[in-house]
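Below you'll find the structures, each written out as C-alpha cells.
In the two complexes that follow, chain A is the common piece, with chain B as its partner first and chain C second.
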Partner chain A sequence: MKKKYAGIVFVLPHLLGVLLFLFLPFLDVVRRSFAQAAGGFAGLSNYGEVLHNEAFRLAAGNTIRFTAVCLPLLMLLSLLLALALYGIGSGEAALKNSLLIPMAIPAACVALLWQLLFDNHGMINGMLSAFGVAPVSWMSTDASFYVLVGSYLWKNAGYVTVLWVAALDGIPGEVYEAARMDGAGKMASLFFITLPCIRPAAFTIGVISFLNTFKVFREAYLVAGSYPQERIYLISHLFNNWFLSLSVDKMAAGAVLLSVVTGAAVYALQRAWEE
Partner chain B sequence: MRKKILSALLAVVVAFAGLCGCGDPAVGGAGGTEYPAEAGGTGNSAEVGKASGSGGMGRFLEQETSFPENMMIFGMEKLEDGTVRVLGQSEESGQYVFYDSADDGDSWVSAGEVSGLSDFFPEAGAVSSDGSGVLVMTHYKDETAEMVILDPGQEARRVMLTIPEVSASRPENLKVIVACAFDAEGRFFIESLNSHIFQVDLSTGECREFSDMEESYSRNIGIAGNWLFALSGGGVAIFNSEDGSQVEDAFLNDLFAKNPALGEKNTDFGAGFALAGGTADEIFYVTHEGLFVHSIGGSVAEQLIDGALNTMGNTSALFYHLVMLDEENFLVSVHLNRKTTVLKYTYDSSASAVPETELKVYALNDSNYLRQVMSDYQKKHQDVYVNLTIGMSGDDGVTAEDAIRALNTDILAGNGPDVLILDGLPMDSYIEKGVLADIASLIQEMRESDGFFENVAAAYEKDGAVYGFPAKFYVMLAGGTAEATAAGASLQKMADYVEASGGTYGQSGAKSLLQELYPVSSAGFLSGNKLNEDKIKQFLIQSKRLYTPTEYGDVELYDGGMADELVGTYGTVSILMGESCISCGSIASMNGLVLEAAASAQGGFDYGLAGREDSKSFVPYQIAGIGSGTANRDAAEDFLRALFGKDCGSIDGNGFPVNRSAYEALCEYGMNMFGETDEPGVSVSSTDGTSLSLEMKNATEEQIAKLTGILEEADTPAQTDKVIEDIIMEYGESALRGDIGVDEAVLAILQKCNLYLAE
Partner chain C sequence: MMRRKKRTAGSVLFSILRCAPVAAAACVAVGPVVFLVTGSLMGRGELGEYLAPVLFGTEGFVTWRFLPMYPTFQNIVELLCDSPEFFYMFWNTMRITAGILVGQLLCGMPAAWGLARYPFRGNRAVYGLYILLMLMPFQALMLPEYLVLEKLSLNNTLWAVILPGIFSTFPVFLMYRFFTEVPEEILEAARIDGAGEGRVFLYIGLPLGRTGIVSALLLQFLECFGMIEQPLAFLKDQTLFPLALYLPEIGAERAGFAFAASLVALAVPLLLFFAGSEYLEQGIAASALKG
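Moving on, here comes the complex of A and B:
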C-alpha cells in the first residue's frame, strides 16, 4: 500500500503538469471550436468550414501521405540498421552514438544544410551539372516531398535504431542458444525469436515515430516558409498560418479533429498490437 | 550530504543572480547630486517609453514658452545673473536679435538687435555666459574664415580668424567652420570641416589647435561646463577644455557608437543631441529618448525625463540647445515642423510619475509620421501615456510573422492594443474576427469638419462601417518627355518605350525595381478570391523587360526597415543626368513636387499617374483602427483625430494627407515654401560625377492643381496584403535575375498565393 502511494507521489507532479498545461488548455480549444471568432456559439459550423476548406484538405492529405510513407520506411530501415549493429561487439557503442548525431543538430542548422544542398545554386545541382544534368528546383517541385521524407529518415533513423537495439538487448541470449541447439538458422531465429520478442517495443517505437512526423514542420518551415511547395504543405503549416490570421475558430476545430484522428490512430495501433 | 547542500545553495544563488541581472546596467543613478527623476524606463526602439516606475508621483511637464516665432537660434545660454539669453536670426527680416528671459523662459523680451550683418551668412554661433554672442562664417571664395562678436545694442565687431597651417588631409577645409561653442569660463572653440578643433582668441581671432579629430570624422562639438565633446557617428571624444586632457567615457562612447545619428549635425536645424553642464563632473544631455544626467567617466545615466511622454520623443525634432536652469527646470530649443521653439520642462511633484491612462499603440514598422503624431498627441494630452510598440524594430531580427504572432497572442489574451496601425497586418482578417471597432462615426465627424479625399476614403467604407482608415496616401507617377509620359500609362507601354528609345529604365536591383512597380500594377492582382494569372504574368514580363542590372550586379535601393523608405521616389533628375529615359516612382510631399518641378523645367518634362490604363491606384499609408477590446475608446479616438487630423497631416513628407483641410494647408505651404525671394538652388550629382544645378521655386497654382487632379483620380488601393506581396517579390526577383523562368515563377506564385487565399 505504501509502495502504491509512493508511486502516485512520484507521478503526481507530472500529472499536474499535464492537467494544467495540456488538458485544461485543450478543453479551452474544444470550447473555442464551437465558438465564433468574434464571440457567440457557432455549433458545428467551424467543423464544417474546416472540412470544406481546400487548404485543410490539402494539408491533411499531405500529412497522411507523409506519415504513410515515412512511418513504415523508418521502422524498417532502423530495424535493419539495429540488426546490423546488434552484437557486432567492439565499436557498437560508438556507432550507436554517431547515429544520434542528426537528432542533436538544431533545426536551424538542418535548414541551412538543406539550403546548401537543395538550392537552385546548391551542391546537389552543382554535382548534377558536372554530369550535364539541368538544375532541379528541389524545393519548388514535387521533389520537395522526397527531400522532406529523406530529411525525416536521416534525422530519426539513428534514434529509432537505438531504441530497436535496446529492445534486442532485452532478448535473453539463452533463447538463441537453445534455438541454435535445436538447429535453427539465422533467419529462423530472426522470424521466430527476434521479431516476436521485440513486438511490444515496436508499438512504443511506432507511436514515437508517428508523433515525430509532426516535428518535421520545423525544418520545412525554416527552409520554405509559411507557404512551401504544395506537396510539403502540412497541417502544421496551416495551423501556423491560421494563427497569423487569427483564425482561432478554424484552428480550434482543426486541432480537435487532429486530436481525434491521432488518438484513434494510436488506439487502433494499440489494439492491433494487443491482438 | 554537504556537497548536496552546497550544490542546492549554489543553484539558488545562480537562479537569483540570473533574475537580478535582468535589469539594464546602463540605467540608474548617476551618483552625486540627487535630481527629481520620473518614469524609470529609458525606452527603446522596440517598446518606446515603457515606464517601469508606475505608481509614483513627480514628473517633468512640458510647456511651450512664448519665444517669438520664425526665429533661427544660434545660441542659448544661462548668464551669470540668471537671465537666459538667446541669439537668433529672424527668418523674415534676416535681422540678428538677442532675446532675454528673466523668468526662466516664461516670457521673452528683445535685448537688442544687431545691425550691419547683411552680408554675413553664419555657419554656427554661440552665446557665452557673460552674454556675448559669436557667429562664425566661411568665405568660400577667398578661403578665409571670419567671426563676428555681438553684444546687445552694440555694433557688431568682425574679426578674421587666423587659422594655423596644421597638418591636415585637406588643408583647404581647415577654414570651413562647421561648429562652435563656449565653455563655462568663456573660452571659445571652433571645429573645421576636416575635424580640427581650435581655441580662438576672441580679441585677435588667433586660433590655436586644440585637437585633431580627423580619424574620427567629427563634425560637431558641444560643451557642457568645461567638458568639450567632439561628436561623431562612431563615438565621442571628451576633453577638459581647460587643459586639453582627454577623458575616457565608455558609456557615452557606446551611446554614440550605437546611435550614429546623434553625432551628426543637420546644417541650420540642430542635431539629435544637445548638452548642458551640471555641477562638478555631471553633464545633462537630451536625445529622443529623453533627458539624462551622467557623471563623466561613469558607467550609467539617470533618466530625468522620458522622451516618450513629450516632444523629445518626436524623431523629427532636432535639438539646438539645452540649458539647465536648476534641478527642476530645463529649457530645450528645438526645430520641429518647420519652426523653432523653446520648450520648458518643469518638475511637478504632484503629477503622477507616469500618466494614469495608458494608451497602447501598435505598429509593425516604425515611421516618422507616427512619431510626430504621438508627440503631438502626447503634448496635448499630458494625462495620457502613449505606449508605442513597434513589432519589427530592426534591432532584434524579429520577422513580420514573429511580430504578428506575438501581437495575436496579446489580442487573444485580452491585452491587445488600443490603437493598431494596420500597415503590414492582416486587416481583413482582423475585421472578420471582430478585432477592430467600427470608427465610422469618427470618420463622419472628421468628414464634416475637414473633408477627405473621397476617392481614398470610399475604399475603406463597407456597408456604412469603417474599421481601418489611412492617414496618408501617395501615388505612383511616370513621366519624362511627352512620349515617356504617355508611355507611363501602362507597364507594357513603358517597356515598349524604353526598348524603342534605346535607353534604360534606370539601374536598380531586381528587388528595388519590383518594389517600385508593384504599387503600379498590384491593384488588379486579385480577382475575387483568386490571383489573376494574366496580370501577374504581365507584371513579371514587363518588369523583366525594364530590368537593367549594373555591371556589378544588383544594387538595391530600399533595404532598410523604415516604412517611410519607399515614399517619394519619383524624380526626372535621373533623365536629365542621362541615367534613364523614363521615371517611375512615388510622389509623397510638396518638397518632392517642387524638386520635380525644378527638374521638369529644365527638360520640359511632364508626368501622369503611372499605370493609369490598367488601374488608377494609390498606396495607403498609416492605416489605423481601434481595437474592439479597448478600455480607452475616447483616448484612442483622440489619437486617431490627431493621426487623421489637420495639424499633423499638414506636415510635409510621408505622403499626402487624406484629410482635405490638411492637404489644403500643405498646398499653401508648397506655394510659399521659399518665401518671396529666398529660392535656393540645389546641386545634384550622379554616380559618375555629372552634376546639375536646379533652381527651386515655390509650387505654382497650376502645379498644385495638376497634382490634386492626379490624387483625386486614383481610386483603387494598391494591393497591401504582405503575404501576397512577399510571395510575388520572392519569385519575381528570381525570375528577373534569370534563376527561374517567368512561367515557372508565375506557377509558383499562383500555387502559393491561392493556397494562402484558400486558408
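Moving on, here comes the complex of A and C:
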C-alpha cells in the first residue's frame, strides 16, 4: 500500500458508514424540517409549530432547568471529591474504582431498587421518618426532580472525579514546591496554582458532563415510563413520544433545533473559556 | 511520590477528615451492588416481609437487612433453571454488544489510525465531522437513523441497533488520541526496513496504541450493554429485546427473581470493569485531557 493513499484507505470504510448512517440522513432531516408532510416547501412553519407546542415548551424548560442545576453541582461535587482523593495514599486506586462502579451498572439493573427507594413507603421515606421528617411523594410531585438529580449525580460523580484527578495529575509537583518555598499556604496553592491549572480541563469535563445529562433518560424512563411526573418530562421523553406517534415533521424540526442548540452551547462554552 | 511527610497527630486527623467524604461517596456508589447481592439471596417470605409496605400498601416503610436472615439460592436456581426468556434476552444483548464491538475493531480502529497518522487531504474536515457527531445526543440522530434504517428495511432487526452503533464516533476519537502519541520515528524506521503501511499499522500501531483500543472498547461495551434508547426506538418485536428492556418488566412482586436477574446481568460488565479498570481509567483521562 502506498503511503499517499494509505490514510484514505484506513479511514474510508468507517467514514462511508458514518456518512450513510448518520451524516446524510441528518442532512435529509434538515431538508424535511423545511418541508410539509405532504410535500412542498413549508418554510419555518414546522419550527413555529414545535416552538409553540405545549409539550415542547414543558420539556425544553425542564431540560434546561435540569442541566442548569446538575452541571455545576456535579462538577463542584466531583472536584471536591477529586481534591480529597488526590494523593490520598494507598487507598486511592481502590476508592477511585469504587466511585467508578456506577458506570458499569446498567440502568435496568437498578430500576427496581430505585422504585423501592423512592416509593411513598420506600426506604428513603423510612429514613426520613426516623429523623421525624414527613414522607415525601417522590414520584408524583415536583420532588421527582431531585430523584433525577440524585440519579445523575450517582451515575456520573465517579467518572467526573476521575477526570479531575487526571487533571490534577498533570500539574508538576515542582510548582507546588516552589510556591511553598515562597511561603504559600495550602489555600493559596489551591487558589493560585491548582484551580488555574485545571481550568482548561474544566471545559472538556463540562462538555462530557453535559452530554451525559441526556442519558439520565434511561433511569427516568425505567422508573417512571413514557409519561413521568410533569417536572421530569424531558426532551428525551418528548422525542420518544413523537417518535412513537410518527410525527415526522415535528421531529425533524425538533432534531435540528436540538442539534443546533447543543452545538451552540458547546461553542459558546468554548469561546467563554478561551477568553 | 515526593510529598510523603512524617505523620503527626494533626496530619492523621486531617487525612481522616479527608478520607471520610470520599469513603462515604464510595459507599453510595457501591451500595446498589450490595443490595442486589443480598436481595437475590433472600427467599420469597423474607423479601415479602421487608417489601410489604410497597407490595401490599401496609403501614410503615420498606426495610432492609444487609445479611439475609435465611439465605437461599432459590432465586438463582429459578433464574438459571426455569426462565429461558432471561437467557434469550441475555443472548440478544450479547449479540448487539459483540456486533458493535467487532465492527468498531474492523472499521473504527483503522479509521482512528488513518486520521491520526496520515495528513491526507480532507483529514481535518473528517475529524471535525467526527467531533461534531460525537457531540450530538442520540435524540437528535434518532429520526435520521430511523429513516435510513427504514429505507434499508433493517428496522426491527438487531442490525438496526448494531450498524449505527458501529459508526458512533466516540471510540474513534478516543483511539485517535492514543494513536497520535506513537512516535513517528518508529514508523519511519519500520518503513525504511521495508514494511508496508498495513504492516506498520498491525505490528507497531496496534501494540503501541493498545491502551487506547482496550479502553475505547471497554467504554463502548459498558455503553452498549445498558442501551435503552436505541432498542426502544428501532425494535418492535419483543423477542429481539435486549436484557435492559426486559429486566424492568419483572416487577416488584417477583423482587427476589428480579434481583437475581439483575445481578447476573450486572456480573458481565462488572467483571470486565475490574479486569480492565486500569485501561478504563487511562481512557477516561485521555478523553478529556490533551495528550
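Rule of thumb we're sticking to: the second predicted complex is superposed on the first by the 239 of 275 C-alpha atoms of A that agree within 3 Å, B and C clash if a C-alpha of one lies under 4 Å from a C-alpha of the other, contacts with A are read in each partner's own complex, and residues count from 1 in each chain.
By our rule, a contact is a pair of C-beta atoms (placed from the backbone, for glycine too) under 8 Å apart; a residue touches a chain by one contact, two chains touch by 3 or more.
Owing to the predicted nature of the structure, the values given are computational and were not obtained by experimental measurement.
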| item | value |
| --- | --- |
| Contacts of A:Val29 with chain B and chain C, given as first, second, both or neither | second |
| Partner chain(s) touched by A:Phe239 [first = chain B, second = chain C, both, neither] | second |
| Which of chain B and chain C A:Val248 touches, first, second, both or neither | both |
| Which of chain B and chain C A:Glu54 touches, first, second, both or neither | first |
| Partner chain in contact with A:Gly39 - chain B first, chain C second, else both or neither | first |
| Partner chain in contact with A:Leu195 - chain B first, chain C second, else both or neither | neither |
| Residue contacts with chain A in the superposition, chain B compared against chain C | C |
| Chain B versus chain C as contact partner of A:Glu230, first or second or both or neither | first |
| Touching partner for A:Val133 - first (chain B), second (chain C), both, neither | neither |
| Chain B and chain C contact sites that coincide on chain A, given as residue numbers | 121, 243, 248 |
| Residue ranges of chain A touching chain C (in the complex, touch as defined) | 1-4, 6-11, 13-15, 17-18, 20-26, 28-29, 80-81, 84-85, 87-89, 91, 95-113, 115-116, 119, 121-123, 125-126, 129, 135, 154, 157-159, 162-163, 166-167, 169-170, 173, 177, 200-201, 204-205, 207-208, 211, 214, 217-218, 221-222, 235-236, 239-240, 243, 248, 251-252, 255-256, 258-259, 262-263, 266 |
| Parts of chain C lying in touch with chain A, wherever the complex brings them together | 1-3, 15, 18-19, 21-23, 25-30, 32-33, 35-36, 51, 53-54, 57-58, 60-64, 106-108, 110-111, 113-115, 117-120, 123, 126, 129-130, 132-133, 135-148, 163-164, 166-167, 169, 172, 191, 196-198, 201, 222, 225-226, 228-229, 232-233, 243-248, 250-252, 255, 258-259, 262-263, 265-266, 269-270, 272-274, 277, 280-281, 284-285, 287-290 |
| Parts of chain B lying in touch with chain A, wherever the complex brings them together | 401, 404-405, 408, 411-412, 426, 429-430, 432-435, 723, 727, 734, 739-740, 744, 748, 751-753, 755-756, 758-759 |
| Chain A residues within the chain B interface of the complex | 37-39, 53-55, 58, 120-121, 137, 140, 226-227, 229-230, 233, 238, 241-248 |
